[in-house]
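Following this line, the structures themselves.
In what follows, chain A forms one complex with chain B and a second complex with chain C.
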Partner chain A sequence: MPDFVFATAQYDSGDWDSAPMVPANIIDSVARYTGIDVAPTGVIVPLGSRDIFKYPLVYLTGHLPVRFTDAERTTLSEYCARGGMLFIDDHNHDVDGQFHRTAWEEVARAIGPLQDLPNDHALYRAFFKFPEGPPTTSHELNGWGDNLVHKHLQAVFEGDRIAVLYSSKDYSSEWNFHPDNKRFLSVDSTKFGVNLVIYALTR
Partner chain B sequence: MRSRANRRLWWERAARGSALALVGLALLRIVLAQGERSTPASHRAPVVHLTLAGIVGPRARDSLAAHARAGDAVTWSGDLAAVATALEPTRDPAARTRITAVSDGALVLVDSLGDIDSLPRGGGVVIASGLRGAVRVSDGRTVASAAPSMGTTSGRVLVLGHVGWESKFTIAALEEAGWSVDAQLQLSNTMRLTQGSAGAPAIGVYAVVVALDTVLGAEAAVLSRFVRAGGGLVLSGEAAAAATFSAMTPARGGARVEGSRGGFDGSDPLLALPIRSLTAVRADAVVLERRGGAIAVVARRVEAGRVVQSAYEESWRWRMQGGASGLREHREWWTRLVAAAAPSVRASGTAASASGGGETSVLNDAEAAPRATLVHRLGPAVLHAPNRSPEPRQLHPWLGAVAIALLLAEWASRRARGAA
Partner chain C sequence: MSDSFERIRRARRALGLAATARGVIVALAVALGVLLSVFAVEAIVALPLPLRRAVLPFAIVMGATMFFWEVGRRIAPTWRASDEAMALWFERRIPSLRYALVTSIDADVVAPSPAGARALADSALEAEVSRAACALLVRPLATLLIALVALFLVLWGAPTGALTRLTEPRPGDTFARIGTGARAAGDPLATIVVRVVSPAYTGRTVEVIDDPSVVSALAGSRIVIEGRGVGVTAQLESIALVPTEQDGRWRIVLTVPARVAGLRLHGPARDRVLVVESIADSMPVVRLDEPTRDSVLRTARGTLVLRADVRDDYGLANGGFEYIVSAGAGEAFTFRSGRIAARSYGPGVREARIEGTLLLDTLNLGPGDLIHLRAIARDRNDVTGPREGVSETRTIRIARADEYDSVSVDPMPPSEPEKNALSQRMILLMTIDVRDRAPRLGLPALQRESRRLAVEQSRLRKRVGEVIFTRLGENPGEHAHFDGDGHAQGAEKPLDPDQVLAAAERAVHVDATRTLESEGDESPVVAINRPLLEAYNHMWRASTELETARPTAAIPWMERAIEALQRARAAERIYLRGRPPRVVVDVAKVRGTGREQGTPSMREARVSLDADRVGRLRRFDVALAIVTAAPAAAADSLLLLRLSLPVRDRAAAEALVIAADAVRRGGDVTAVLRRARRALADAPTRQALLPWGG
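Let's turn to the complex of A and B:
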């Protein structure tokens, strides 16, 4: 069995499958830059099922309001306590958007309040170096959405380990393209995705 | 008439002779007694016998043992219960103590803070932490006690593997258990991630190396030297079947066998893990764990060090997918593996007494098994108290009284017949 399988969380509310190309793109980058034995295709795992425990890193995104069911909330709490890591990216990226507000509320209810992740955190040097903190996205730089360049990601910690990582930077849009098109980019924007995977696999 | 006078004369002579013989005997005994007083004490052998209803205290026992060593005949009898205990620090960072106790009856274990646990008839093992003062083990009649010693692990743990869930959760489990862990994780053919020190395995720095992968083949020689010098090595996952370690491994790692389809829903979560069959177990190896009929964990000494070989793969699934206690069980299982390979614990702060030195440890050992110590010092119990022969001096008054009575009777007889 491969060492790493990219898993996307399927939750009852909202549009969990709003960025269908992200898994393939991150899988491609992990295989391209590292020697990690990565599964060629990702999986979709219901957030409230026991199957989520097979995948210690899970990606969750969407545009619409997020409301976890009791089962999803309970499972997520146990998942993080056992060592799992949930990466949530706001695909909406608008001012006080519905996804942002509700996702924060649900994370706070299930696990704990999000707080700013320092830009010198180990996540930013887990593989590639990001001395300025989280890389900006073209959506931020173009002034789309909330017209802000978010200086920090947010996180909930279990000890000194990130249990939930939250992004308002809309990496889901930034990474939602076919991997073959990376050759047209001067800088591969998915490199930060590799850091995410390496961090989850080592911390 | 003549014959009657002769008989009387005969009786008088016999009485006088007997009286003189008794006086001679008394004089002989007095002379012998004086001779005994002048001989060394070791040749006198007075007899001391104790009928015991309970274990005598260490002072009384040691005093009697001193008498016995000096030549006195010291014996004892009584139905004393055999209670014994031994305390050993566990080889893990939690500084716990393994209390082993045996007895014919049920036992209660206490320390100065109160009750620790109880054990059924026959005894057993209790692992406790936070002990204060000596541990006393009692069956209600006999108390054995021993002072705990604090165990200290002699180094850190180095995890060698590749980047993956198994290495991540192995490190997490060991760190949560209190081990100080460094890691060197292969990310690609040319890149290795380091957590903590990037140094090579070395005695004095690391107590145990956990190898999870075959990519470490080039380091096999370094690991071999580390083990032979006294380090511990845990081989798990692909490393357990790596040919590069075959000179040290307790068994030969074979083909991978998938876990049960029932997954982690069953009572034994280890059944759900894939396993790499271990065969050709060496004669000097010890099987530590089995899964069904298969050998799961096996260990052996290699010169000054130890090698533990685990057949399990993807143990991280136990932590993530196991039952409610999976997280704890996975952590404790990894701690046991590492502890089995770790060098012996250096004990510190052993004695309950401040006097120190050899006598202190003798006393502590004595109280750990009081009946055994009593037998060791005074010999086994005897069924009956030994018979006492009357003391020679006690016979003298009787001998004298009989001799005087005989002389008086002889004198009276002579006076009665008118003889001088």
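Let's turn to the complex of A and C:
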């Protein structure tokens, strides 16, 4: 098994598969920028299964209200306690914030309350440097959150380690393109994804 | 000779009966002895319920074991013994027989001597059997009698139900324990019993808990706390509770609060803390099985099969399917809704399957109409609910005639125009908000906020411009080349964003105040992008108005931009969700081709403990210091510490409760205190789930 396998969480409610190109894009970036032995394809891992413990970073997204099952909640809680990192990104394109509100409540219930992640956190310099904090996306005007441009990501900590990282910035839309098209970008927007992977693998 | 055999058989039977009776008596005596012993221990130490439940079965097993042991020891040799051996047994006990019995059953002896026959006839064989039987029974009977007397004496002085605590133990019988009354006279908080009455809709029986430190109950449950004695007061957080007193007992009734709280009981001798935890009822979980995916139907005919699974933790009240039909276009939509296959469930139904059919012919659907379907279920919660669970929504769309050849089932995310429409709607909402607040803002603030919105509007307009430009020929797509991409470079150069915008400006150099008219010689690409061009122009007007702090004037332009974006959206293909394409990244090919370089940062030393944790450990140490001198106070301190924990720190909460219970019970508490301290100091680890909303 390679050092890193990108895992997308499949949960019982909602549209967990709304950003199908994100895994390939992050895998591409990890290979492009680092020497990490990365699997060429991502895997889909049911959030309630024990398979989740094979993957240090699990990506979860969707547009619709999130409602974890008991098994998902239990597994997720244990996953975070045992060192896993869950990256949740609000893929919402409406203004009522159903995903945002329900995902926050579910995270609070299963793991703990989300709090603003300081923009000078180690995550933002784990590989690439993001001195201003989380990179802005062209989609985040749509979502529900603190302002038009979300100043912070949110996190739940286990000690000083990020266990759950929550984003309202809609990276799922920003990164949801075929990696072959990355060559047309003047600035690669997926670099922050590399930071996520590095952070999850080293903390 | 036959008479002798008959005598031996009778003797064997009589001795067997006596041995059996001895076995029964010994078994009873042993069982009573076990009960008496445990009774004596109970007078000193309160035995936990599981142990008390094991007492009676243990006594019965011990008695049965003794019975079989006695019977096996006494009867088996008797039945196994030969007639000759039995005869010799009698000869040894009755010497006057002079071996007449032995010889009378000996086949080699034709007949006993006359003297022997006489001795045999006159012998006290039966008397000897009686004596042997009595010897077997006397001592066990005496033992049993002593046990019975002892039991009577103990029960005479014990409170009512004391024996039942061992023979029929049940939660809540703490008050029947020997010595409870005396203890309660000095300390009415020494022993408490809590009854948890769950809301009726749960169908749960009353739960009785003896002497708890923590009571976990469903939100809305009623808790009855009882104790023996008088003079107790209570306080739940800041609310004073007045106990009722009757028949030498005090009683407090309260409803479980929404959040974890500490109930402080104040008695004449001491105080006591009881933690009350709320468990929230969970909403029903609904999974829509069919239709499995969103879909587009060419015609609105036929039926749709609907299936869903619903379940709830305490019971379902009703379930069914809901649909919404949305018809129209742009900003003018009409909606109709209805329910299908609605059904109610009786008490106790926790899982159900809902099935139904949607008759499309009856919905009067037209081209472009959308049906939104979802399953819905409600639970029986009539205290804090009912709670409603819904499935994900499936969308069924009726295709328009002009898109029959372009209906796509490619799994893709929403198209760009759709995203822009939503962004524009967001800016519109914020502009309306600024307009409404304008009278209170004052001019400088209005200008500041309006210009901030203008920046956002310009940014969105730029984004739309990029989309338009991409579609108008200068496609920076698969055929564009950039430095370093490995392709042969021609005259093409990458365009910066300003150039992109300029190209878009040129492409839409028209009067923004009017709707673009169709022109005969325009290309199909321009025709498709025409609504986007309109939106682009309207956005420009909107941003201009915002720049001059006139949000009211900007709003109509924004509304027109949204309307144009909706038309652009309608001209788009329909993209559905589905199984994502499997993209295999050629890792070896792209390895190290990144144009930028990152540097893994040094790991920072972990912070050993945060300030909150240090504070809690300090409080723990204070409680630890008084464990020996004042165990009850130490237990209360541990419970109060548990109340101060973050909700998520379940491991520490449970460890503290276990430690508090152990300290209250007494004995060696080193291990549980060590575990509690470790749980407080370590990173939180969870072993159980939090209740919903907890």
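Basically, the second predicted complex is superposed on the first by the 192 of 203 C-alpha atoms of A that agree within 3 Å, B and C clash if a C-alpha of one lies under 4 Å from a C-alpha of the other, contacts with A are read in each partner's own complex, and residues count from 1 in each chain.
Basically, a contact is a pair of C-beta atoms (placed from the backbone, for glycine too) under 8 Å apart; a residue touches a chain by one contact, two chains touch by 3 or more.
On a predicted model such as this, the values are computed, not experimentally measured, just so you know.
In the superposition on chain A, A:Gln98 makes contact with neither chain B nor chain C. In the superposition on chain A, A:Thr136 makes contact with neither chain B nor chain C. Once the two complexes are laid over each other on the shared chain, residue contacts for A:Asn119 go to neither chain B nor chain C.
In the superposed model, C is the one of chain B and chain C that contacts more residues of chain A. In the superposition on chain A, A:Arg203 makes contact with both chain B and chain C. Residue contacts after overlaying the shared chain place A:Ser186 against chain C, while chain B stays out of touching range.
In the superposed pair of complexes, A:Arg50 makes contact with chain B only, with no contact to chain C. By the touch criterion defined above, A:Arg32 lies against chain C but remains apart from chain B after alignment on the C-alpha atoms of chain A.
When both complexes are overlaid on chain A, the residue A:Asp70 reaches chain C alone and has no touch with chain B. Taken together, the two complexes place residues 34-35, 81, 127, 198, 202-203 of chain A in contact with chain B and also with chain C. Per the touch definition, chain B reaches chain A in the complex via residues 162-165, 167-169, 172, 183, 185-189, 191, 193, 195, 314, 316-317, 319-321, 326-327. Chain A meets chain B in the complex at residues 1, 3-4, 34-37, 50, 53-54, 56, 81-84, 127, 198, 200-203. Of all residues in chain A, those touching chain C in their complex are 12-15, 17-21, 23-24, 27-29, 31-35, 38, 40-41, 64-65, 67, 69-70, 73-74, 77-78, 81, 91, 93-95, 105, 109-113, 122, 125-129, 138-139, 141-142, 148, 158-161, 173, 176, 178-179, 181, 183-184, 186, 188, 191, 194-195, 198, 202-203. Against chain A, in their complex, chain C makes its touches with residues 283, 285, 287, 389-393, 411, 413-414, 418-419, 422-423, 425-427, 429-430, 456, 459-460, 463, 476-477, 480, 482, 485, 494, 496, 577, 579-587, 590-601, 603-604, 606-607, 646-648, 683-686, 689-690, 692-694.
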